[in-house]
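The following blocks contain the structures, represented as structure tokens.
Common to both upcoming complexes is subunit A, partnered first by subunit B, then by subunit C.
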Partner chain A sequence: MSVVQLKNVTKRFGSFTAVSEATFSLNKGEILSLLGPSGCGKTTTLRMIAGFEEPSEGDVLIADINMRNKRPYERNVGLLFQDYALFPHLSVNQNVAYGLKRRNYDRGQIDHRVGEMLDLVKLDGFEQRRPSQLSGGQQQRVALARALATNPEVVLLDEPLSALDAKLRQELRIELKQILSAVGASTIIVTHDQEEAMSLGDRLVVMSEGRIVQQGPPTEIYKNPRTKFVAEFIGRSNWLRGVLGPADRNNLCSFEVAEGLTLLVPKPEFDASTYEVCIRPERIRVGNANSTDGATNVNQLSGTVQNVAHLGADIHIVMELASGYRFTISEQFIGQSMDEYQGSLECTFFPSDCIVVAADS
Partner chain B sequence: MLQRYIDHFGAWAVVGTILLTVTFLIAPIIVSILMSFDARSYLGRFPPTEFSFHWYARFFSDSYYLTGLKTSLIIAVIAASVSTCAGVCAAIVLDRYDFPGKQALETIFLSPLVIPAVVVGFSLLLFFALLGVFQGYPRLLAGHIIITFPYAVRTTLAGLTGIRRNLTEAAMTLGANERQAFWDVTFPLARTGMVAGAVFAFAFSMDDVAVSLFLTSPQTYTLPVAMVSMMRTNFDLTIAAASVILMLFTIGLIIILDVIVGLERVIGGGVYRS
Partner chain C sequence: MKLSRGAILLLVPGVGILLAFLVLPLANVVEESFRLFEPGRIGAAKDAPYTFFNYAELINVTYLYYFVETARIGFIASIVGLILGFPIAYVIARRFTPVWRKIGVGFLIGIMFLSTLVRVYALQLTFGPTGIAKFLTGLLGVSMNGRFYTELVVILGLLHYLVPIAAITLLGTIQNVNPRLTEAAQALGAPRWMAHFTITIPLCVPGLLSAFLISFTLCLSAFVVPMILGKGKVLFVSNLIYSRFSEIANYPSGSAISIIMLLLSLLIIYGVTYLVTTRWIKH
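Let's look at the complex of A and B:
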């Protein structure tokens, strides 16, 4: 059952189209990440679901009811603001109780529910504090408790972790996911951070310039990005432009990039005038063809090492091919010496690791 | 090396200037406070040799001063109330809504701050003569509302600007309609600015001379005007006592303000930050 449905939603501000024909739905208990670079229309989409903006065209449905002309307070939507928007003149207790009070819960219910929510976000004992007396992470948890208190149909999170520093962000990401699944909240997370989107979301909706470019489970989108934009936005990638040959009986095509640089790639399921191929750095293995356990149809490249960066768990190697192309290879650090990555280097990757997309021309 | 000497000199110059300023701000006030307690019955040399309250006794038995004080208080209370209410409304409109001519309106609302009070007083005198109004109260009241109104707008506006609009939006997603969101969130947060505006309005009304001088009638005059005219006709230290009393009202108000909302917050523009 879908909790939220957007049907061909378009939003224009004057002559500028912020969102164009967005269609997607959120299932009950699901966490959906709305991902895209800043200015792609994801926040406008969120604000239309919350009721701060009216769609110029199309419909927003919450629990199968059309929300046209319904004010924010006539919808049951929980919204976690990017800067939390806690009421500075109210205590933690009063902040969490505010929605319950406005939705006419009685005294006993309010006290019970507030206690329950503060328990959930592990902030019992902080009831009488003011927001200014809390750390950034604690403020966020109060805001989350406040948004969840009224049992909203859908919870909207606007860049929930962007105001926190990197280390805290990782911790809170896990905590946030636990809290959301504990209450079974149907959630839409708006973010420009692909790691955040992938780790929190059961499903991703990728937006670019007001349009939805792809939606699906995170792994699916990472493995099979449909456009160059999606592939570049989610994860790191090496790009090659070339000429696609006919398919052989294994459904593999030759892909000629340059003189002496021809790859085997899977046959694309679409037609385009020019193609580009993307290979993820972590799918490339250092070593020659003999190290692939006798597998056939392996792409093999050789070149010289330009730069080696040891980033902790990962090692990034930049290799230059004879044809001048540069490749980034990502290897796991398992105690090996960096001396292995010196001078000339050979590497391999399977045709199935090549992602073929239509070139942006 | 030379650079360091110049820096040192600069630092001392700043300290010196501050000390000089403080001295000139405080010293005359201390002189008049001390002189108001002078036991001598004539205007003697500073410092007083003995102290007594007889100038105060004289002040409180002089019906001329008392009438002035009473008028001042009435005018100040009414003018501060009216300009605070009007100022708050104006500030809310200026802060929350966008409309053509908003800039111009804001400038007009704040213009009495830059127009010399003497000009305001004189213009009002002519204007009221044109209307045929010659009674003191309506004229004084109008003048005082005009000069105190900008302070109310100013401080309320400062208070409102600090309130991020997403607080209202947060209240609305939690079930509050626009009116409830205003009373639950915007009003309590802007209250500091409003109270500050009211206090400033009261204080400015209490000690205004320039506007009042033009608008008094023989029966209706404010305390500062009474002091000015006494200075011309009958100069004695009752005026010092009157100044101290006038000062007490303002200082008293500031203390009350500090207790209720905290002075720092008010001077800082009444802006809340989380």
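Let's look at the complex of A and C:
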């Protein structure tokens, strides 16, 4: 059963179209990541679900009820703002109780529920503190407790982790996911951070310039991005532009990039005038074709190493091919010496690791 | 606190002027207020004996009345000024584009630059016996010579500058309140008016307090407005002080009233500040 449904939702501000014909749904208990660069319309979409903006066209349904002309306070939506928007003049207790009071819970119920929520976000003992006396991570958890307290149909999180520093962000990401699944909240997370979107979301909806460009499970989108935008936005990528040849028996096509640089790529399931191929840095292995255990149909490239960066767990090698193309290769660090990556280098990757997309001319 | 020589050098002129032209004359007023006054003289004699008479004289219903009336009308005008100024400040802070905000603030400041005398006579023309208000009061059966009407016109006169001052003071306060907070409250089930009264207004209390204090002090020292619009029916302490000094030249009495007024003002300001800070602003 879908908790939230968007049907051809369009939002215009004057002559500017912020969101164009967005259609997607959120299932019960699911976490959906709305991913896209800033200005792609994801926040506007969120605000339409929350009721702060009215769609110019199309419908927003929550629990199968059309939300047209329903004010934010007439919807049962839990909202977590990027800056948390905790009420600075109220204590942690009063912040969490605010929504319960507005929904006419009686005193006993409020106390019980507030205790329950603070327990859930591990903030018992902080009841009387003011938001200004809490750390960023604690503030976020109070905001989450406040949003979840009223048992909303849907929880909307707007860039929930972006205000925190990198290390804390990773910790809280795991915690956030645990809390959300503990209460079984149906959740929509808006973010521009692909790692956040992939790690938190059961499903991704990728937006660009007001349109939904692709939706599906994170792994599926990472493996099979439908456009160059999606491939570039999610993960790192190497790009080659070339001419696609006919398919062979194994459904592989030749892809001629330049003189002496021809790859084998899977046959695309669509037609386009020009194609581009994307290869993820971590799918490329350093070494020659002989090291791939006699597998046939392996793409092999050679070039000169331009730069090696040891980033800790990963090593990023930038290699220039004879044709002038630059390739980034990502290798795992397993104790090897950086001297291995010097001078001329050979690398291999399988045709199945090549992602073919239509070139956006 | 340690100050560098340069800082001291820069401070000296300002502090010096304050001492020479504010503190010293004020001390002079205090001194004068304890001198015995002989009717018919201009001010107290140089060697007049010291006395508490000028103060003792004020413990009298007639005088008390002046103080109470000044405070009462000032209080009403200040509160009305806040109530009227808040929405103006809110709209300018939240709804206007930056360009319109500048125009709005410029307009408010412009109003205040207009001479008090001009504004007061404008009101007098409009609401006096020759003005268009005559028709209205006649319709409502309100006497233009009545106490109520005069008081109303005095309050209108005060509001002329209280509203812009309140709006300008509150502008910064409202701009500092995160607009997301009202949205958060709405998402939690609070209708807009409730979000306003439970979140925005409480967060504006410090600003409301300073706007009130500025307005109230301005009212207490108002002089031209009650003098012209009060038509002798509504008189503020300032008018009493004026008549003491310039009409009967009883400087000691005028001084005593001034000192009492100063102390009362300070007391009220301190009291209101204390009350609001302990009751409202705990964080």
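Heads up, the rule we're going with is that the second predicted complex is superposed on the first by the 361 of 361 C-alpha atoms of A that agree within 3 Å, B and C clash if a C-alpha of one lies under 4 Å from a C-alpha of the other, contacts with A are read in each partner's own complex, and residues count from 1 in each chain.
Methods note: a contact is a pair of C-beta atoms (placed from the backbone, for glycine too) under 8 Å apart; a residue touches a chain by one contact, two chains touch by 3 or more.
Just so it is clear, the model here is predicted, and its values are computed rather than measured.
Once the two complexes are overlaid through subunit A, subunit B and subunit C clash, as defined at the top of the document.
Contacts of A:Ser132 after superposition: both subunit B and subunit C are touched.
Within the superposed three-chain model, A:Arg102 lies in touch with subunit B and with subunit C [touch as defined at top]. Once both structures are placed on chain A, subunit A residues 50-52, 71-73, 77-79, 81, 83, 85-89, 98-99, 102-103, 132, 146-147, 150 are touched by subunit B and, in the other complex, by subunit C. On subunit A, the positions that touch subunit C within their shared complex are 50-52, 71-73, 77-79, 81, 83, 85-89, 98-99, 102-103, 130, 132, 146-147, 150.
Interface residues of subunit A, counted against subunit B in their complex, comprise 50-52, 71-73, 75, 77-79, 81, 83-89, 98-99, 102-103, 131-132, 139, 146-147, 150.
Those residues of subunit B lying in contact with subunit A across their complex are 164, 166-167, 169-177, 180, 184-185, 188-189, 272-274. Touching subunit A in their complex are the following residues of subunit C: 178, 180-181, 183-192, 194, 198-199, 202-203, 283.
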